[in-house]
Structures are given as C-alpha cells and as structure tokens.
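So, here's a batch of structures to check.
Both complexes below contain chain A, partnered by chain B and then by chain C.
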Partner chain A sequence: MSGLKDSFRFGIRNIRKRPYRSFCLMLAAVIGSYALFVGLSLKSSLNNGLGRMKERMGADLMIVPEESEIKARNILLTGEPEFFYMNASVAKAAEDIEGVESATSQFYFTSLSSDCCSTRVQLIAFDPDTDFVIAPWIDEKVTSGAENGSVIIGSEVTPLANGKVKFFGSEYKVAGKLGETATGLDHSVFMTRDTMHDLLNDAKDKGYQFLNPEDDSSWVSTVLIRVNDGADITNIEKEIYKKANGIRFIETDKLLSDVSVKLGSVESIINITLTVLLVFSFLTMILFFSVIFHERKKEFAVLRILGTSSRRICLFSLTEGITIGAAGGVAGLILGVLTVFPFNRFIENSLDVPYLMPAVSLVILYGVLGVILTTLFGSVSSFLSTLSLSHAETYYTMRAGE
Partner chain B sequence: MSKNKITGIVIALLGLLTALIPTVIFKVCAAMDGKFMKCHWTSQVEVALGITVLVLGLLIVLAKENAASSAYAAASAINGVLVILIPTVVIGVCGSADMPCNSGTKPALIIAGALVIVVALINTISYLASKKNG
Partner chain C sequence: MAFLKAARLVKEYERRGKSFRAVDDIEFAIDKGEFVMIEGESGSGKTTFLNLLTGLTDPTSGDVTIDGKTLKDISDKDISKIRNEKIKYIPQGESLLSALTVRENILFPFTIGGTKRPSEERLLEVAEKLGITELLDEYPSELSGGEMRRATIARAVINRPSLIIADEPTGSLDQANTSKVMDIFKNIAEEGTAVIVVTHQKETLGYASKVYSMSEGKLTENS
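== the complex of A and B ==
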C-alpha cells in the first residue's frame, strides 16, 4: 500500500517538475475527452429530437394551400412564423372519406416583434372540439384547457413577468404549456378560434390585417388528418383532390424521412470528427510518452542501480499516465459542459434539425465515459512506452553516448 | 516564464476574446427597422471592457513588482464581474431565447468573464498567501 502511495507521489512530483511537458500531454487527453463528450451529447440530442418529433406529430397528413408547402414545412420544422390561407370548405372535403379517422383545421397568423417576446411568434388557432394535435401534449395545465381569452404556449415561449402573454396590445392568460416537441410548435402560441377573432380585431386596430376579422371563419390555413391503421394515404389524397382544388398534401412520414436524411448527414460528420479526434488523442499520447520516456532512459537506469525494481518503475510511469489522462479527461469534460449546456440553443438553431438534450443521467454517463477513456489512453500509452525501455540493459543504457 | 507573465498573457487574451465575442465570434443582432436593440449597447460596453482587461493583462506582464501584478489582476477580476453583469443585469440582451445575442453572445460573455475572474483571483490569492507565509 505504501509502495503504491510512493509511486503516486513520485508520479505527481514528476508531473509538477515538468509543467510544459505535462501540459502538452494533458492537452491530448483534453481533446479526447472533449470530443467524446460533445460528440456523444450532440448525437444523442439529435436522435432524441427526431424521436420526440415522431412521437408528437399527431397527424398523418396535412392539407395546405398549393403554393404554401415550404411555408408549412418551415412552421413545423423551424418555427419560422408564416401565414397562408385557403377556403374553409377544404376541411369539409376531408370529412366522410373512407380511411380518415379524424380531421381538424388550424389557422396560422403571427405576432409583432415588439409584442411578447422580442421576435415574432407563430400564432395558431385550433378547434378544441375536433383537435387531436395540441391538447394531448399539454404538460402544465393552468386551467382545464384553452378557454376563450386564454392561450396555450409552446415550451420555448416565455410569458411576461405577470404570467400572461401580450399580442397586439392586449394581454392573454396562459391556460397551459406544451411539453417539448423538438418542432416549430415549441415556438408557437395556441388559442381557440374565438380568441383568434379577438386578436385579429386588435391587429386590425393596430393597422395589421391578416384577413378581415368579420370573415375569418371562412378561412383555414391547414387541415390535419389522422388516418385509420392500414388505410391507403394515396387513395385518401385522390378522394380529397376530387372535392377540393388548389391544395397540396404534406405526408408526415415523408417529412420525417426528409428530416432523417438531413440528420444522417449531420451525424456522419459528427462520427468522422469524433473518430479522428479520438485516434489523434491516443496516438499523440503514445508518441509523447515514448519520446519523453526515451529521454528519461538514464533516469530510469539510475533508479534501477539504486535498487528500484522494473515493476516499480513501471508503476511510477503508469501513475504519471493515469494522472495525466484523468486530469486531462476532467478538464476536457469541463470544457465540454461549458460548450454543450450554455450553447444548447445556439447549436439547435445552427444545425436546423430537431434537437433535444437527452436525460441528465445519460449526459453524466458520457462525461464519465470520456474521463475513463482518456485515463485508459494515458495508462496504456505510458505502459507501452515503459515496456519498450524495460528490455534495455541498465549498464548499456548508462554507458550510451560515451 | 514566470507565473505573473502567464497570468498576464491569459488575461490579455481573455480581454481580446471579450471584445471579439459580440463583434466577430457571436455577433449581436443587427438594427431592426433602424432601431438598435439592447444587445447593441451591451456589445459596445463589452468591447470597452474587453480592451480594459486586455490592457490590464499587458500591465501584469510588464509589471516588475509582484504587488503591482496582483493589484492589476484584482482590477481585472472586477472587470470580469462587469463582463458578466452587463449582458445579464445592467443592460441585458434581447428577450427571445432564439436571438443570437441570447443563445450565443450572452453565454460566451459569461464564460469569458468567469475565466477572467478565476485566473485573476488565483494570481491575487497566491500573492497574498505567499506574502502571509513570508
């Protein structure tokens, strides 16, 4: 036990005596641990985001105006506020078609940038009687549901200090908050058609007119359809086309597969970068340790002459390797935490794909994994370097260069 | 290289970083409809604070007395506190969490300010401890 303690002390003293050399070695470990933590956290957040998006896309089919497909995709994927309208008769066209389980319509408009949240927010009016998309995902209920004069906010929308939200000069009570969906819905505010009517009137008073408030019940922005299990979506689309013109369909499965493709390319970039950085970290540590230990050949030879066993010398260098690997691993983890957590939103906005941080326990596991791996890198590379020296005869080592 | 010189160089680099964060690395929001938002004014003050920290860092490098170095370090720590307070309390940034000033500039400035404080305090405290031990 005291032998181990002595080895540890000797190793630490060696590290402190050569700070620049130790710093360079530690830097390799920092890179390894940082890459592993950030890479795994990003990958996990992307997969988590896609999973949550799949889970929370309530509808199988969306009907939007012919020229507004991209705008509708933007609302769903990025939360970019948009508005577009089609005749409310389209909602009727989706009724009584075989294979359609339920259908509901929504109305899109936007707030002003100076209103509640500094930026424009997507405002969505829904029909509580037919809705199957919004209500199931209300996480925090304040009232029993969206009443007239109150709104439901997305997970990323922050209310005012008084707990209300302000649109077009009027304040509205928050009836509930949606759970995170990793979609544009996180940045949206939801309300009933009656509340929408009040908002449109306020907007008109302020000089912003989306549609004539007197006539708003004649228009919808989208019709969301849930189909029965095993129903033929193409057939349903054909049937609806027969009854309505100037429309386009967005299939949720297709939308998700497009997102998966984009996500796949981001993930491959992360995988390649992660592998390159981990290999670089390990090879640099092996190289550094072998060069350093080669320079310290005579030091080890003196220790051997003084009676220190080869095993003990091996233990000294192993301690150095473990300490440097672990310290670098912890430093890399701290840097990783300072990147992933404070810049979470920035990364999400930059990648432009569904992004949702995984559970804290999983993030902690990635951190521990990074530290263990760099400690392993440090110990293996120091051990291999010492092993290559242990074959040399002490006498010849001391006489070398004479 | 002495500990003071290393501290001075690190603080000077962090000062430079503080000035570059709102102007180059995580640029704050542009003017909207000809009006500047809060983050613009935060950016102006942070550039001034960053330059001050940079100069203090250089003074730490150039100082011949340990006492002078640690005094400059203490001044840097105070500036580090201001670097954090400007975007969080004193002026602030835009309200929406999605704005680049809120998602990028603010956390970056908080981290830079915290690093200035930590590095500067290590220098000052180690000087005070060495003085106490004679």
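== the complex of A and C ==
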C-alpha cells in the first residue's frame, strides 16, 4: 500500500473517531470559506453593478421637475416605481444649445399590483425618433423591435405564461427583453408614446388617472441630454435655465460618483469583515490544531515507537489538516451559495447600490478559491503544530501524554 | 557480533541548572535468543536506557549498534525502519492508538512499514495465547488496563521480531496473565528473538537468562 493512501486512511479514522473535535476544526474552515465566497461575490457584484450602470446610463444630464430629483434617482437606482411630469416645452429648451449633442424625452408612469396588471412596475414611454438611451439596448436584445402595441421589458420583469404582460386590463405583446443593467431600469417596461397613450386611456377607463390622455403629448417626465465631448455641462445647465422654469438637473457623473462613494463604503466594510474572518479562521485552526496535537503527544510518541518516521507523522497530520480544511471549505461554499443566490434580491435592496452578479465562471472561481484557501489553512496549521512535536524526543512526549 | 550493542552510553539531562547522568557510561550487549531482565528502582534510568537502545532518544555520548548499524550514523527514516521491522518496543503505560481497533492496532506496524501482514491464523494464535480473541474488534477505550497491555504485547510479538524491548510489561496484569506473558517472552526468546524486559516484579526474574540491576544510571550484571 502506498504511504499516501495509508496516511489518508489513518487521518480519516482519526477525524471520524473524534467527531466533536473535528467538527470544531471544520467550523473554522467553514467560516473562512464562507467569508471568502460571500465577500468576493458581493464585491464583484457591486463592482459589476457600477460598471454596468456606467455603461448603460447613456445620457450625461437629466432634466427633471423641481422636487423630483429623489424620485428620479429612485427610478434609476432602486427601480421603485414613480411618476412626475413637467411641460413638454422643456424638451424644446434643450435644443439648439451649444454643446448639446442630442436630447430625448421620456414619460414615467406606473402599473399597479392588482388584478388589472401583471405586476407593479415602472412604465417608461420613449420617443423612438430621438431616443439614444433605450435603443442601443433594444438593438442588442430584441428580435422583433419596438412596435406600437408591444413593449420591451427589463431583465427582472417576468411576463405572463402566454408571453405577454397585462396593464390596466389589456395584454401587450413582449417584443423583447433587455440585458441586465444593474439599475432600476431592470424592473421597468418600455414602450412608444403611442402605446403609452393606449395604456393611459385603459387606466382612465379603470379609474386610474395619471393625467388626461387627451393631453399627454404636452407632458414629459424627463429630458435626457447627451453632450459633446469637452462641453461645459454647467454652462449648458445655465442656458437651459434661461429658457425653462421649475426644473432641476441630475448629472450622471455626479450620480455615479455618489454611487461610487457609497459603494466604496460598502466595499470597505466587506474588506474589513472578510479580512477579520479569514484571520480568525486561520488563527483558530492553528490554535485548535496546536492544542489538539499537544493533547495527542502520546499518540505521536506511539507512532514513533512503532517505526513511523518524523516525516510520516507530518504526513499523517497533514492529511487530517487537508481533509478538515477541504471538507470545511466545501461546507462553507455550500452555505455561501445558499446565502448569495436565494438572497440575491434581498442583498441588492439592503445595500441600495447597483448590484449585478458576476459571470458563473467567476463565481465558481471564488468557490474554488475558498476551498483551496481553507485547505491551505488546514494543512499549514496542522503542519506547524506537528513540526514541533515530531522533533521532540519521544521519551518526553510519551511522559507528557501520560 | 551481538545483535544489539551499547558502548560507553551516556545520557545527561539538566535539572534546576545542574546536569545529571540518567544513563552513566553503560556497556551492554544482547544477542538473538537471549532473555535479559533489568530491575531497578523508579528513577534509576531504566526507561531512558531503553529509549536510547531503540533510537528514540539521542545519547549525549556513546554508540548504539543494532544489527551492525550504528544508530547515530543513519537517518531517522532508517532508524524508524529498524524499529518497525526488527525491534518491538513495549513502552510503559497505554500505547494503543485510540482511533483503531485492537486488530488494527496489532497489524498497524505492517501498515506503516508496508511489509507483509501475518496470516489470520497467526493473529488468532497470538490473540488466543494472550486471551484477547474476543476483543479484536473492540476499540482501546472499551478495554481494561490489563487487556490493553496484552493487546500491546500481541502487537510486539506477532511477527517474531529480532528484538523485543518491554518496559514493565506485566505491571497491570494479575498473576495468571503475568505468567502467560512471561511464558510468551521465554518461548519467543527460545525461537531466536532477543528479549529485554524491565521489571519491578522480582518473582519474574527467574524467566531470564541474564539479570541486570540499574541504579543511578549505572547498569551491573547480577551474579
């Protein structure tokens, strides 16, 4: 029989024969692996979310009605359905201003969580002729294009079993689904203004009036502006202020910077917690192995008496360390998976920052990394604990064990 | 040439800043088939002497030669191999591995050494002689002190080694079992194994072909 095979068998027997001791050691490994997997997944999801948000924002500037900035931020960041309006003339105010490359308006309203509607989501009407924010995503994901009478749904919106969505009693064909944006827009449904007009009429018929459908073309919720490279945004805002009243600006860079700051704080907390837990896991394993092996001095002395070399004794305990570290690592990974995936939405809502799970391959890598790390913890701590004992003279270790 | 030879063997320790000799300039030799017993009071250096003979403790000075190999000149791996294959050491107290059954404990040296295991018949023969047949599948925690001692002796004698060194092997045994064990040692010596037994029990000295006394680290042969 090979030495490695024997070492493994003997190590396993020792682990099984002392279940409580093995459980405590394994728990330290579970904590390490769990912390690493959850911590790295969270960090990656946050960075991924911010990256995707930057990529998808499209506009450099948003014009919203006075006192609606928070509502607009909510739509973008959390997907909380909101509605607010201002006169459509604001869209005209953004035209012909130096530095403005393109401008488009959107109209926000909401569905309801009652029998009339599939679910309560943000409804967004856009102008396909001037749009530069939605269209790029649709081109990527939609096969049949955005048509009147059909809608585009965000990545988190689930259609009915027949593939349609229902708002205010009428069903609408889903022309396509967008990719994840890590923003509130994932929970939104997009349509042309003509489709919006039909929806507002249906809403009015059901007794829900956002504004008079006969007059809806006079109102917009926001005007999105893309500026030329190097343009002075502050100057553009001043020029628009001269032409329109009762408005506020949300600068995308500022919004992203605010999110970055918040994300930085969350990331710092994750880093500190992760470091503390990993150090705790490693030190606990060293301490446990050291105490346990000290108690097992006599056993090591017996092994020496029976003709086991010091190297072989290290191999025996290394097997125990590796097995416990790996088993604890796998258990921690399973716990981590059971935390990160089912509570994905809860974590997203709790953190209140863009959150987008990384690719499966990266998640698998984090899991493997966690198991490797705790296996390493187990092997290093068992090896260090054995090293001192295997060099001690057997006579003394024998006496100490008695 | 003697199978085991100790030449000018010294082991010094320090206690409270003063050094003392636990083993003091011992000359000793034993050949295969000899049955030697060593008596002496507690603290006279008997266990240290046995540990030196088996290479478990390094001497301060002097040499131990086993089967022509001087221990200080060979590696830990080679000394371990000698202990595994040629010498069976029965230390004081309990020395069974708690994670293994009695059967596994008895066969464990063969697992470590990768050597051929004795037959089931041989295992049962030894177990029968020592009265532990019914205990082969028990764990050490389920055995009494005497039963553990007999299992340890079974582990030592099963492959008829070149040398058996036993430190107080009958300490926890009753009269009947003491006689059984001493008979086994005597028989195995007659079959060609060198046997060294350290004991407090003067009534067992009659089994030996040579008796030594140890006092304050010095070994003297009784006339």
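Keep in mind that, in the parts below, the second predicted complex is superposed on the first by the 386 of 402 C-alpha atoms of A that agree within 3 Å, B and C clash if a C-alpha of one lies under 4 Å from a C-alpha of the other, contacts with A are read in each partner's own complex, and residues count from 1 in each chain.
Please note the rule applied: a residue touches a chain if its C-beta (ideal position, glycine included) is under 8 Å from a C-beta of that chain, and two chains touch if they have at least 3 such contacts.
Note that this is a predicted model, so its numbers are computed, not measured.
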Just chain B (first), just chain C (second), both, or neither: which does A:379 touch? neither
Answer with first, second, both or neither: which of chain B and chain C does A:14 touch in the superposed model? second
Would you check which partner chain A:299 touches, where first means chain B only, second means chain C only, and both and neither mean what they say? second
Which holds for A:338: it touches chain B only (first), chain C only (second), both, or neither? first
For A:309, using the defined touch cut-off, is the partner it touches chain B, chain C, both, or neither? Pick first, second, both or neither. second
Check whether chain B or chain C contacts more residues of chain A in the superposed model. C
Looking at the overlay, does A:192 come into contact with chain B only (first), chain C only (second), both, or neither? neither
Of chain B, residues touching chain A in the complex: 26, 32, 37, 94-100, 102-104, 107-108, 110-111
Going by the contact rule set out above, which residues of chain A touch chain B in the complex? 79, 113, 117-119, 156, 158, 187, 338, 342-343, 345-346, 349
Contact footprint of chain C on chain A as seen in their complex: 1, 3, 6, 10, 13-14, 16-18, 298-299, 301-312, 393-395, 398, 402
Residues on chain C engaged by chain A in the complex (per definition of touch): 47-48, 51, 54, 56-58, 76-77, 80-85, 89, 91-100, 108-109, 111-114, 139, 155
